[in-house]
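Okay, here's the structure, questions in a sec.
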Amino acid sequence: MMEKKLKTSTKVWLTIIFILIMGFLLWIANRTFDDYKLRVLRLIAIYGIMAVSLNLINGITGVFSLGHAGFILIGAYTAALLTLTPEQKAMSFLFGIQPWIEKIHADFFTATIAGGVMAALFAFLIGWPVLKLRGDYLAIASLGFAEVVRIWANNALTITNGPLGLKALQEYSNIWWVYGWLLFTVVFISSLVYSSYGRALKAIREDEIAARSMGINVFKHQLLAFVVGAFFAGVSGSLYAHWLTTIDPRITTMGPMFTFYILIMIVLGGLGSISGSLIGAAIFAILFEWLRNLEQPFTFFGIQVPGIPGMRILVISVLFILVMIFWQRGIMGREELTWENLYKWFSRLKREGEKS
Amino acid sequence: MGISSGSFFLQNLFNAIMLGGLYALIAVGYTMVYGILRLINFAHGDIMMMGVYFAFYAATILSLSSIPAAIVAVLGAAGLGFLIDRIAYKPLRNAPRISALITAIAMSFFLESFAVVVFGAVPKSFLSVFKDRSILNKVLTVGGAKIPLLTFLVIILTAAIFAVLFWIVYRTKIGMAMRAISMDIPTTSLMGINVDMVIGFTFALGSALAAASGIMWAMRYPNVFPYMGFMPGLKAFIAAVVGGIGSIPGAIVGGLVLGAVEIFAVSYFPDLSGYRDAFSFIILIAILLIKPSGILGKKAIEKV
Amino acid sequence: MTETVKSLQEEVKAGEEFLLKLDHVTMQFGGLIAVNDFDNGVKKLELLGLIGPNGAGKTTVFNVVTGIYYPTKGRIIFDEIDITPLKPHQITHLGIARTFQNIRLFYNLTVLENVLVAQHHELSNPDADRILKKHGKPPKNFEKFWFWRAVSKLGYLKKEKKMIETAKELIERVGLSHVMHEKASALPYGEQRKLEIARALATKPKLLLLDEPAAGMNPKESEDLMEFIKRLKNEFKVTIFLIEHDMKVVMGICERIIVMDYGKIIAEGTPEQIQNNPKVIEAYLGKEWKNV
């Protein structure tokens, strides 16, 4: 029964101040952090875009897609082929190259947009058959789509350079690009979710038949969420490629496992919560990096333990299972970190403090 | 041997039946579990992988001969399947179906990373299981086509396993209970049947078949590695959907269709061999759009 | 020859008087004929009841009308438009709203959001608007690019404000304002039923289909519901077609009743006529009763 307590203008100001403070903090981090920490900091933003965009499809709309890695891969290749110079491409393509692929060239921003648009276009085309399916069938079909894309990238030698991949990309994804794109993603998707369209998407998640009977064109709206999600996945793919500086279509790099990582982030943060996805992405990025320690030799209570390769994935997977069995709502559930909620929690804390 | 010759066709036919049979054995596990719980047991392909590793270590570390090693591995996989259901899926029986699916994905992910850590990421050769490898190299000539003896053995064994499976499902009490709960779980539990035991048995049975399939798979393609179950698992699920999910004969039909398409497409259009793994997904999308209930499945009407 | 011409004219006349006309509609699932040659309709501003034993095919009639099923035979005319081939969202846009036998709310959304969702079709159904235009009726949404407006908030906030106002007013009128910001799942059963009706009304329907609105209610609640439905009809000027098991409700509020059994219409008339119809008594109580 909580009516609005904060004025809209207050919330807008608070948001602007928050963004400025975050920007300032990033500026300080950019100056003081070492290279390794900065890399992780940038990775958090890239994972954040991936998680928020998958959350729009899976958590908000309830379309259980497992095709995100496919869209990321499309975005990554599209952008990388654009930012590489014709000379670089001529050098690295050992099996020859399509002349038009060799010629095209663009700056990083245009390339990133192109990556997003290409992924969105694929989502639009694949959405027609895939979104006709329901639930788990859709999950498998979209996973299959991602695999077909990966297999194609592995085989289309004159376009993608096949298994050799694309190397020596410029490390364009600096802190301002990745956090700028993250900000745009979050603003765009929140704005969508907190509009009539967002309510329609949630209604579809809750009950498709009822949504249809309320005049919602279910297929069109699912496709909309799918395409928007894919666009940002493509963008994140471009940022990822220019963070990693090398991409290849191996099953372990851009295969289904990659989608599962993003799935872990959004499940951990709370399926259906945008702020939860961001928290999940940050935790995953930091935890995954920190767990690298397990793969190096370390001393545990005075005992010398040798490094075990693959250990960090094992720990993550155990965590994943435990979250699913004991803590399905995740960190945020379907709630959001809004000024309103913060205000509510704060005043409750205050009231309880006064009582005691 | 030309591409249009009869013996070439015959050779491919045998390969297709063998591969299809192996897919079908895995598919049965998917179809039985899906029929009862409406859950895609994503970890099923990884249970097959674990079965292969069990056989490998039973033969190399316990130095059992091939047949006892295979039996140990099949029983081990059955136990593993039962345990996975108890630990990961049973707590989520009343949760939304999507939660169960995500848990299954998490389980698959766990088994793969477990194998990487414990067994190592480097592929192992399954051939070291066999002390006498002469049997692997024998070749029979049928109608001008040279067919490895192993192919025959695999086909015959698969058929025998299916005979046992049909006997269990259609002629025993536990089989009757399995068929009953696939129709209606609450009513069956009112009849005094321990539903959880029957579900556990279904998982164990499906896992045993997957392990058997995996062992034969490894005899034919002797590369053992932690991710070996992923693709065959997905394809077997597709086979189950193509044949009509929930139907055991459907799993056989679906497996054979998938095996045939894969073998023949690659042999007659060698340019497409890189896309081998993509065929099955295209078939999946096609069948779901044309006949969503699969070849042998019944049409379900959505209740409003 | 003259006779056919005459009957055709009669049919046209009858069609004018009906808001919804089911023209010899048959719905078959495999071997089961759920609705068999249903040839009747709902007149403008009437309160029509559809009754019959379990499994008579009543809900199937609703599902065929709202486009969830495509009829095996026959046509459905609503407001002079042939809606047989249309999809559910288009049919809602044209002015038919419904509730469900087992309540289907958006349980994790609030009461307000539930009602707001029902107004979304005004923004996003150009396909249904084209159908309206084709038949010379005013489209419901004149403006375009709602998606981009919603995301950029340019020229959208006014619309959102208006939608919220409409929704709040509607919620007040059905007496749910005290739970406006509660999740739908937190509401007691009776209020969930009311919310479902309010949500249907928010689509601004000409025809409201209610599928067993009194199911699971005690006599007192049923009585309140009867009053509520009567009030709706007068206040919202909406035609109502309802399925109901509770005879007291049906006899109390319906102006006309259609009785179905085994997919067929077996009787039609005023509540009094239906009460005394031997066929209806037989369908409900069995043959033996006739002799007693």
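To keep things simple, chains are lettered A, B and C as they appear, and every chain counts its residues starting from 1.
The rule is short, and it goes like this: a residue touches a chain if its C-beta (ideal position, glycine included) is under 8 Å from a C-beta of that chain, and two chains touch if they have at least 3 such contacts.
Quick caveat, the model's predicted, so the values are computed rather than measured.
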Task: Report the chain closest to the protein's overall CA mean, measuring from each chain's own CA mean.
output: A
Relative to chain B, chain with the most remote C-alpha centre: C
Message: Centroid of chain A to centroid of chain C, CA atoms only: how many Å?
response: 42
Field: Computed distance of Cα centres, chain C from chain B, in Å
entry: 49
Field: Rounded Å distance between chain A and chain B, as computed from the means of their C-alpha atoms
entry: 33
Task: Name the residues of chain B that each touch 2 or more other chains.
output: 302, 304
Query: What are the residues of chain C that contact at least two other chains?
result: 68, 100
Query: Among the residues of chain A, which ones contact at least 2 other chains?
result: 209
- request: Give every residue of chain A touching chain C within the complex, in rising order.
  value: 1-3, 188, 191-192, 195-197, 199-200, 202-203, 206-207, 209-218, 220-221, 224, 334
Message: Which stretch or stretches of chain A touch chain B in the complex?
response: 62, 64, 66, 129-130, 132-133, 135-137, 139-141, 143-145, 147-148, 151-152, 154-155, 209, 251, 256-257, 260, 263-264, 267, 308-311, 313-314, 316-318, 320-321, 324-325, 328
Message: Looking at the complex, which residues from chain C come into contact with chain A?
response: 66, 68, 87-89, 92-93, 97-98, 100, 104-109, 113, 116-121, 123-125, 127-128, 146-147, 150-153, 156, 159-160, 163, 178-182, 199-200, 203
Message: If we count contacts the way the header does, which residues on chain B are in touch with chain A in the complex?
response: 38-40, 88, 91-92, 95, 97-99, 101-103, 105-107, 109-110, 112-114, 116-117, 121, 227, 230, 234, 237-238, 241, 274-275, 277-278, 280-282, 284-285, 288-289, 292, 302, 304
